[in-house]
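Read through the structures below before going on.
Both complexes below contain subunit A, partnered by subunit B and then by subunit C.
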Partner chain A sequence: MASKAQRMPLGLRILTYGFVLVWFILAAFPFFWTFWGSFKVELDFFSIADWTNALTGERTKAAYDSAFTGAAYKGAWVQEEFWRNVINTFIVCFFVVCTSLTIGTLGGYALSRSSFRYTFWLLITALIFRAMPPITLVAGYLLPFFEWNVWGILPTTIIVLVAINQPFTLWMLHSFFQNIPKELDESAKVDGCTQFQAFRHVIVPVMWPGVITTGLFSFLLAYNDFAVTAMLLSESNRTMVPAIAAFLGTTYTEGNVMFAVAAVVSATAPLFILVMVFQRQIVSGLTAGAVKG
Partner chain B sequence: MKHRTFFWFFLPTGLAMLLFIALPIVSVVIQSVYAPHEAVLKTVENCTPLVGCTTETTIDQDATRDIREAKPLGRFVGLDIYLDRGHLAAAEVGEAWSSSASMGEFFDRLFNLPLYRALAFTLTFTFIVTPLLIGFGLMIALAVNSLHSRLKGLMIFFSLLPMIVTPLIGSLILFWMVDSRGVIGSALVALAGDPNFSMKASTGLTWVMLIVYGVWHSAPFAFVVFYAGLQTLPKDQIEAAQIDGASRWQRIKYVVVPHLMPLVTFVALIQLMDNFRVFEPVVGFNASAHATSLSWIIFNDLGGETRQLSAASATSVLTILGVAILLSPVLVRTWRDFKGK
Partner chain C sequence: MAEIQLRNVGKRWGSFVGVDNFDLTIADKEFLVLLGPSGCGKTTTMRMIAGLEDASEGDILIDGKKVNDLEPKDRDVAMVFQSYALYPNMNVYENIRFPLKVRGIDPSTHDEKVRRASAMVELDDFLHRKPAELSGGQRQRVALARAIVREPNVFLMDEPLSNLDAKLRVSTRAQIKNLSHELAVTTIYVTHDQIEAMTLADRVVVMKQGVVQQLGSPTDIYDKPANSFVASFIGNPAMNLMTGIMAGGTFEAQNVRIEGLHAPDGPVTLGFRAEDAGLGDAGHHEITAPIYTLELLGDATMVTVRIGGELVAVRAPKDFRSEIGDTVSLSVPAAICHLFDAKTGARIEA
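Then we have the complex of A and B:
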């Protein structure tokens, strides 16, 4: 708001700053609180006596001589072997992102360069598939996967997540490729390239910003998925999110809720870093679909 | 691009979607009209001298296994699963309709049936959260847009967190805070003045808790989209309105909001579809005693020792129909855009 006439009156400005502050607390405080609390014992984080114990760590001091303890992390990572789930998650995410970008880029490029009617219908079908809750498909996977004996292993889940990812990837890359001028690859074709050579040598070098943005969202989908991974992975192959859900079932009874808290903080940390590094790409990705309508 | 080239470019992604989205849908529809085989019973007559003969009915394990292996799909039952008590509950609804004295009683009995209970929560959640998050997102966007540019970046970073974080993890983080021993929970206990006060205790409060989570989780999306829209706001229109004597509120109402209207429609359509599949918060908040959603029912049927594929498939088909209804305005809009081109 540059011009003097548009400057806000004092009252409104205070109101705005107040509102922003409230939203800031709403958005950020839960994460800081849980992070802080994950270094306490359960009786401090879930304090019956006095909520300020969670800040000062009375019981933690009594138990460990210090207001901070890594006991919850040790319990989750060593005792419950959460590191296995972390490795599984990163295997799944890596392969899902690579595969879905490879096949999605080819498909999205084709959709953006073909002017036939069926491209519209393919995009509409993708839109319908995008709207489908993934959990509704799971019932259809189980029977064949059991029959072929491929249930419970990581590759199956990776393929399923890639497929579920495709509609969104196609839409994003399609609109992204449409912004790359057609003249580029057409001039390459005039010079004697095949369509694939034109794609390989002319489009690939300039497509990375869009591909990275799309890749971020593929990563988030694979990382955040609960319904599919919980249903399709056996206990030993679980990724982080279903493992945390499984923690809850067992630890509420054993009094090890802090393990789950530590696991939750561990699983949030990579997302935190991701947003920090790729904030600009995430924002542009979220608005890409919207601005075009 | 030639048809042939297009085909080869599109083949991998098309195949992935065909095999793992289109076929499973067909398979879900087929499974929903088949029920598991009933156990084969055999009657054995035991005769002991002096005592006499008794007949005993037992499960014929071999025959049962044979028929289950021969036809893993089960037996064809038509629409029976859709109409049973766990789904549309035709008989129970009819009974409740004819024997209830008032509409209130009818709805009471209706919402005791699992599917209708889940439908009630799912629809309430969808249609309360969506408008709230649009309004809230718009307010955040307007407020953040008036900040100093350094602060803007920081606010966008922190605003993205609730949306980016895994839904299950986000709901757990909030759940632990509103736990009666957590920080917000203790504050609420102090406010209510009742040491036994708990958000988890009543259906109403559980729904409020889930709706607050829903808005917290999705408002950032609306915020980011509206914020981007505000950057393209035509300056001259605002100035013209100002010269014409429009107040700040009138400028927002008659210039800013109409400018953002296409974005509002976009956010609303996306969020209606996404909120309809509400699932993780029900698990995270451990709320299934008071609030269930359609997705949660499917998950619940599929999990555990007995995987009730038929029941889950029938609910899946009904959920897909619900999504289709919500999706139809989007499709109509896309079709119109396409015709317009």
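Then we have the complex of A and C:
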């Protein structure tokens, strides 16, 4: 039971809960609204005449005899073959995460264990590249990619995304590695490991939460990227985000905007699941080093 | 079976000298303690033997074989780190087993070896626990077990007791002594605690700023310190040191007059141990000074006076009582005195 000293006055308690409630509604409303609207027709959800149509679904009822319809999903997934974009996104994400984590863990480990001065400057250089907007890099890439005939395909995009992503993963993993005492490596080496075995058997298992957290951030960057994927992918190779943008760009045909809404919901759902599954690792990864182990 | 030879080994970082011209042969099965204040190069010396640090100059030989260019894993040494460096993701059993596993030792023998090592340090009941679930003393014993499990040629211990509380330190010290006797393996032990050095060592190396000050048995170092630094570092309390003038075999300083010494005239540093001296009587009262402080130790009373800015302590009987500020006379016969050169600090032999 809470002691008297810990108990808050009633007014303050109402204020706190009220604030949390308002914040929750503000934060969650757009998602619920989009989710709700994705089962309507365009004339309801984007109704100019009466916004309450989005709630009641007048036009949806008129068209499909029900206040809810999966027409937008069907249009997006079947007619527009959105599943191809989904597959493309996952191919891009998979390779971006794998490549940047491999380079990031090896590089971060090497930099954290190196006693040379230049490691500091390497990291600063990485930070500068991280600070640049990705689009500034893409402009420079475009011409050579056309010339070499590698524009529009997934591998090119993956390489560019890895390049943009790498400074961040390097920094993040480097700081995780620095929190692991050097004695652990040394102890492993005296116990009979080579440098790489020490890394593989001793350091990586300790680092695991950090690798997962970094991998997740890296995944999100690739998943959410618009600038690079929109500029570098041809229409047939689009990932989800530029595909959604393309649906929005064709407002002349009725229904296409609803494809975008349905696609947005489809694209958001996996993120929720992902964060739910990995929440424990993310939190422990983000707070690793805050507490002495 | 391992004799370790250090031939003029040195370590430099730029112009900074970590270890200077270290020359020593450590006999097989010897327990050698490297003793010194922090930053004296004792840990660096050990790390060079382990292969975790490259020697800038000189050769390191284990069993007559030059190991300068060998990886730590190929030197057949085991090391206990100050922070223990246990693998946090493995339980105690896996921690102890790790050296066997990575060295590809026949898996069928692992279980027996791990259990024998853990029994030696009384960890049988904790094998399934993770290091985070152990107390400091238990972690320390896991580190010891991990070192002994594969029966290496050389043991290296880097201040293994410094993270333990005082009581545990005494019992673990006894355990290490017993263990080293049982295993009979060449051991190099680094510490800044002179009591550990005295109790454990066959031989002690006292170091200061990368230079060896004295090498000898604990008794040698205690009874015949080679210079005033060693004298002030060894013993609890450390040796009393005071500066004064020597004239015709008589040492004189403020409130002090000691006759019958043999040393050339001029300024000298005189030292004696608190437990050798005592309260003065009609015949012996070399020091007569006001009491600076009195400390009851239980088995004795420590009487401290001030001589020319230095505190000088003398062990008096436990029932001695007096007040701070009262004048006391102390007996410091010439026989218990050590003389050191006032400038270089080197011992002056009588």
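FYI, the second predicted complex is superposed on the first by the 263 of 293 C-alpha atoms of A that agree within 3 Å, B and C clash if a C-alpha of one lies under 4 Å from a C-alpha of the other, contacts with A are read in each partner's own complex, and residues count from 1 in each chain.
Just so we're on the same page, a residue touches a chain if its C-beta (ideal position, glycine included) is under 8 Å from a C-beta of that chain, and two chains touch if they have at least 3 such contacts.
Since the model is a prediction, treat every value here as computed from it, not as a measurement.
Partners subunit B and subunit C, once the complexes are superposed on subunit A, both fit on it without clashing.
Of the two partner chains placed by superposition, A:A62 touches none, neither subunit B nor subunit C.
Between the Cα centres of subunit B and subunit C, as seen from that of subunit A, there is an angle of 100°, stated in steps of 10. By the touch criterion defined above, A:P181 reaches subunit C but does not reach subunit B. Of the two partner chains, subunit C is the only one touched by A:Q197; subunit B is not.
Partner contacting the larger number of subunit A residues, of subunit B and subunit C: B. When the shared chain is aligned, subunit B comes close enough to touch A:Q166, but subunit C does not.
After overlaying the two complexes on the shared chain, residue contacts for A:L137 are found with subunit B alone; subunit C is out of touch. Residue contacts after overlaying the shared chain place A:I103 against subunit B, while subunit C stays out of touching range. Taking the two complexes aligned on chain A, the least Cα distance separating subunit B from subunit C is 10 Å.
Shared interface residues of subunit A, touching subunit B in one complex and subunit C in the other, are 293. Across the complex, subunit A is touched by residues 50-52, 71-73, 77-79, 81-83, 85, 87-89, 98-99, 102-103, 132, 146, 156 of subunit C. Interface of subunit B with subunit A (complex): residues 1-3, 5-6, 9-10, 12-14, 16-17, 19-28, 31, 72-73, 139-140, 143-144, 146-147, 151, 153, 155-162, 164-169, 172-174, 176-177, 179, 181-183, 186-187, 216, 220-221, 224-225, 228-229, 232, 238-239, 242, 248, 262-263, 266-267, 273, 276-277, 279-280, 283, 286, 295, 298-299, 302-303, 307, 309, 312-313, 316-317, 319-320, 323-324, 326-327, 330-331, 334-335, 337-338.
By the touch criterion given at the top, residues 181, 183-184, 186-194, 197, 201-202, 205-206, 208, 293 of subunit A touch subunit C in their complex.
The touching residues of subunit A, when paired with subunit B in their complex, are 1, 3, 5-6, 8, 12-13, 16, 19-20, 23-24, 26-28, 30-31, 33-34, 37, 45-48, 51, 54, 102-104, 106-107, 109-111, 113-116, 120, 122, 124-129, 131-133, 135-144, 147, 159-160, 162-164, 166-167, 169-170, 195-196, 199, 220, 223-224, 226-227, 230-231, 241, 244-245, 248, 257, 260-261, 264, 267-268, 271-272, 274-276, 279, 282-283, 286-287, 289-291, 293.
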